[in-house]
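In the two assemblies presented below, chain A is common to both, partnered first by chain B and then by chain C.
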Partner chain A sequence: MKTEIRLAGTGGQGVILASVILAEAAGVHEGRHVVQTQSYGPEARGGASRADVIISDEPILYPKSRRLDVLVCLSQQAADKYFDDLKVHGTAIIDGFYVRECPREGATCLSMAETARTELGRELFTNIVMLGALARITGVVKLESLEKSVANRVPVKALDLNKRALALGWELGARPRDRGTKG
Partner chain B sequence: MKTEIRLAGTGGQGVILASVILAEAAGVHEGRHVVQTQSYGPEARGGASRADVIISDEPILYPKSRRLDVLVCLSQQAADKYFDDLKVHGTAIIDGFYVRECPREGATCLSMAETARTELGRELFTNIVMLGALARITGVVKLESLEKSVANRVPVKALDLNKRALALGWELGARPRDRGTKG
Partner chain C sequence: MNQRPRGPVLTGAHYLDGDHACAEGAIAAGCRFIAGYPITPSTEVAERLAERFPRIGGTFIQMEDELASIAAVLGAAWGGARAMTVTSGPGFSLMMENIGLGVMTETPCVVVNVQRGGPSTGLPTLTGQQDMMQARWGSHGDYEIIALSPSSPQECFDLTVTCFNLSEKYRVPVMFMMDECVGHMTEKVVIPEADTIDVWPRRWYRGPRDKYLPYAPDKDGVPPMIRAGDDHRVHITGLTHDARGYPIINAECQQICVSRLTDKIRDNADDLVMVKEEQLRGADVVVVAYGISARVATKAITDARKKGIKVGFLRLITVWPFPEKKIRDLAGKVGCLVMPEINLGQMYREVERAAAGKCRTMLVPHCGGWVHDPEDILKAIIEGAK
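Up next, the complex of A and B:
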């Protein structure tokens, strides 16, 4: 069982920190094999930001993501660029505010940035909301593992807000019929 | 021209954050091709932490580090584990406090943790001191590029201390005969 995940957005949206947190949750707290990668090319100056996380039950021999199982896009540019790398039946999650044109039917559109802004007062938490939603939708990592690695990666005084961001994302990621009954 | 760098230590020493800062400095601020990778296996629970950064003038086709040009070790465990991956004429930098037995002649031993503790009051800054020393010794990235990416990755109120950490590392990394005349 191997899952290739890409988190993509623009600089400042925190996708690299999110990928580090996701990798630690699966690797350190669940003992799985994980490779987490960022690549920068000449386009890096354009402000695009992306990070890949591969989570596997077996050692990962080839560490570069080739065909994504999961793609999360926090910007239109990311959606335009990376949907071609997603498997036909892959899971796509897009931000409802920043991605206006979804390149593929069946993507899950979630108000991640808006939730961060309205519920927590700052879009800064969008990346953590994203992780909660990702965990709920894909089941690739447990919420409690994310909580542990968040605690390791954010300032102590911001911990409560970050935990709340995870919980909000977890709720956001529930299927509509589950909403309000679980989470 | 391609440089494969590994930063290694124990959890909490900040080697992953350091690798993200190094990758951004070279990738975003110098427009080079960069791949930054963390891997976790079952050993991750042991508290070891490592991150690889490959910096190249050409696109990087194989993103996994195989033969290191540069290895920085902040723990004895890291030194014991990774020196075999360093090229024969590779550059080794070890922390003078945490690495008591150096596995190879010619490693550069620097008081990075001690400098952070005595000059800045907290070992927390060891990873940033390390980056300053690494830049000075290897020339792989400019100090000003590191300053820009540090500013993007640390809390605003900690920026001055982090800049000072970079400068202290830069000074520490000077060859003995340069010390006090440059930096």
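Up next, the complex of A and C:
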């Protein structure tokens, strides 16, 4: 089985870090074959940014994602650009604050950025909230594996907040606010 | 990463991108000096070493530009250090003059080029393989260098160690031709225990002090080295020089000096050429590729085999000196050589030259910014099999 996942948003939202955490969780802690690749603009912040993770039981030959099983969008630009790459029955997760118009019906709309802002005080944690929600909705990786790789990849002093972010995302994934109403 | 290695060398299985794997490979190879100037997509190599070096007694200097960076690396190498610099296309261009000085003075060092799309500033954050000829011919004069190209983060680690070993053995700048895709791709990298990693020492001069000649070669054409300032008489110059290192400006000395610089690489090409061969026997078509293009080609090759096409695979790990014997041998046996590369035909010219009309050759070009679609390579394989 092979799952192609794309995390897309704006530079500075942390989608690339999130993708590395996801890759490490599936690869190191669950022993799957994993490749993570990325694409971003020359801007440090504000440009389009995306990262792809392929998780497979077989060795991965072609390292780039082509037909997505899972797409997470943290910006309108990302949604506009990448829904065409999502398989017909693929899973789409969009952020309710940043994605105002979803190009396809059936996407799961979650208030990830808002949760980070209100519950943790900073939108900075949106990417980790996203990982928790992604794990709950897709089952592609275990929550414990994510916890371990988050512990290895975030600054030690921010570990508790990141752990909470992951748990909040996991909760959020269980109760999508409005499924598929933003057509 | 919050995991810290016990000794200087990171060991075990890790998820690393190619840039970080290269940095860890440098540490494992004993590199303790890096001078560089940050440039996307190579910055992560320097960034990781800037963080790691202070804990293990290494020196990281961010210089004012790339010209100074390579100059500092040459100086550090003569001071006894294993030294490296890291850059991408525009910085690589700026380093060319002093890379020539490194060749002429036979200074062991490693130059990492994480290639991006060019010319000029081109595509800072997107991939390319467009500096392959520049690596070979970018500095003026007749010379030979060694260049390797990795296809995975694992090879970014392994081959960085090999680059240092070869630079010490042959006393020549070694180019490590990575690219943005492999540099920014995260995958499992397995690093063995530090004492099992094969690290070749510098060729130190061990003879009597008064007999030392800086450019008197050993049997394999490579002279042993001393540490500058270590109580030996030494003269190092970019001018054509004799065994003492003194400038001799005439055709006879030029003949001896320059021939030896090129012959020490050319005569040892068999030792230097590393390739990976797969199902070449009885193949109708052979895909020849290096770096990330080789990784991408594996998908097309697998698909072609499913269609019943007899396709072999020759992956070039050493790109310079060019594995021309391998290509010459293959050209007499197969119908077509197919080469995908992320440029408009650079190493392909070498393939064409070595094949010398004995078989068809087909380029699958790509201007850069992305890797090939496997379908484009598959199409060429199918065409080549006709």
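Annotations
The definition used in the following text is that the second predicted complex is superposed on the first by the 167 of 183 C-alpha atoms of A that agree within 3 Å, B and C clash if a C-alpha of one lies under 4 Å from a C-alpha of the other, contacts with A are read in each partner's own complex, and residues count from 1 in each chain.
The criterion applied here is as follows: contacts are C-beta pairs under 8 Å (C-beta built on N, C-alpha and C of every residue); 3 or more make two chains touch, one makes a residue touch a chain.
Please read these numbers as outputs of a predicted model, since none were measured by experiment.
Because the two structures share chain A, they can be overlaid on it, and in that overlay chain B clashes with chain C. Of the two partner chains placed by superposition, chain B and chain C are both touched by A:V20. By the document's definition of touching, of the two partners only chain C reaches A:A151; chain B does not. Contacts of A:C109 after superposition: neither chain B nor chain C is touched.
Applying the stated contact rule after C-alpha superposition, one finds that A:K64 touches each of chain B and chain C. Stretch 152-160 is the one among 98-106, 134-142 or 152-160 where chain C clashes with chain B after the superposition on chain A.
Residues 20, 23-24, 27-28, 34-42, 63-64, 152 of chain A touch chain B in one complex and chain C in the other.
Across the complex, chain C meets chain A through its residues 1-3, 13-15, 17, 40, 124-126, 181, 184-188, 292, 295-296, 298-299, 302, 370-371, 374.
Every residue of chain B that touches chain A in the complex is listed here, in rising order: 11, 16, 20, 23-24, 26-28, 31-42, 44-45, 59-60, 63-64, 152, 155. Of all residues in chain A, those touching chain C in their complex are 19-20, 23-24, 27-28, 34-42, 61-64, 151-153, 156.
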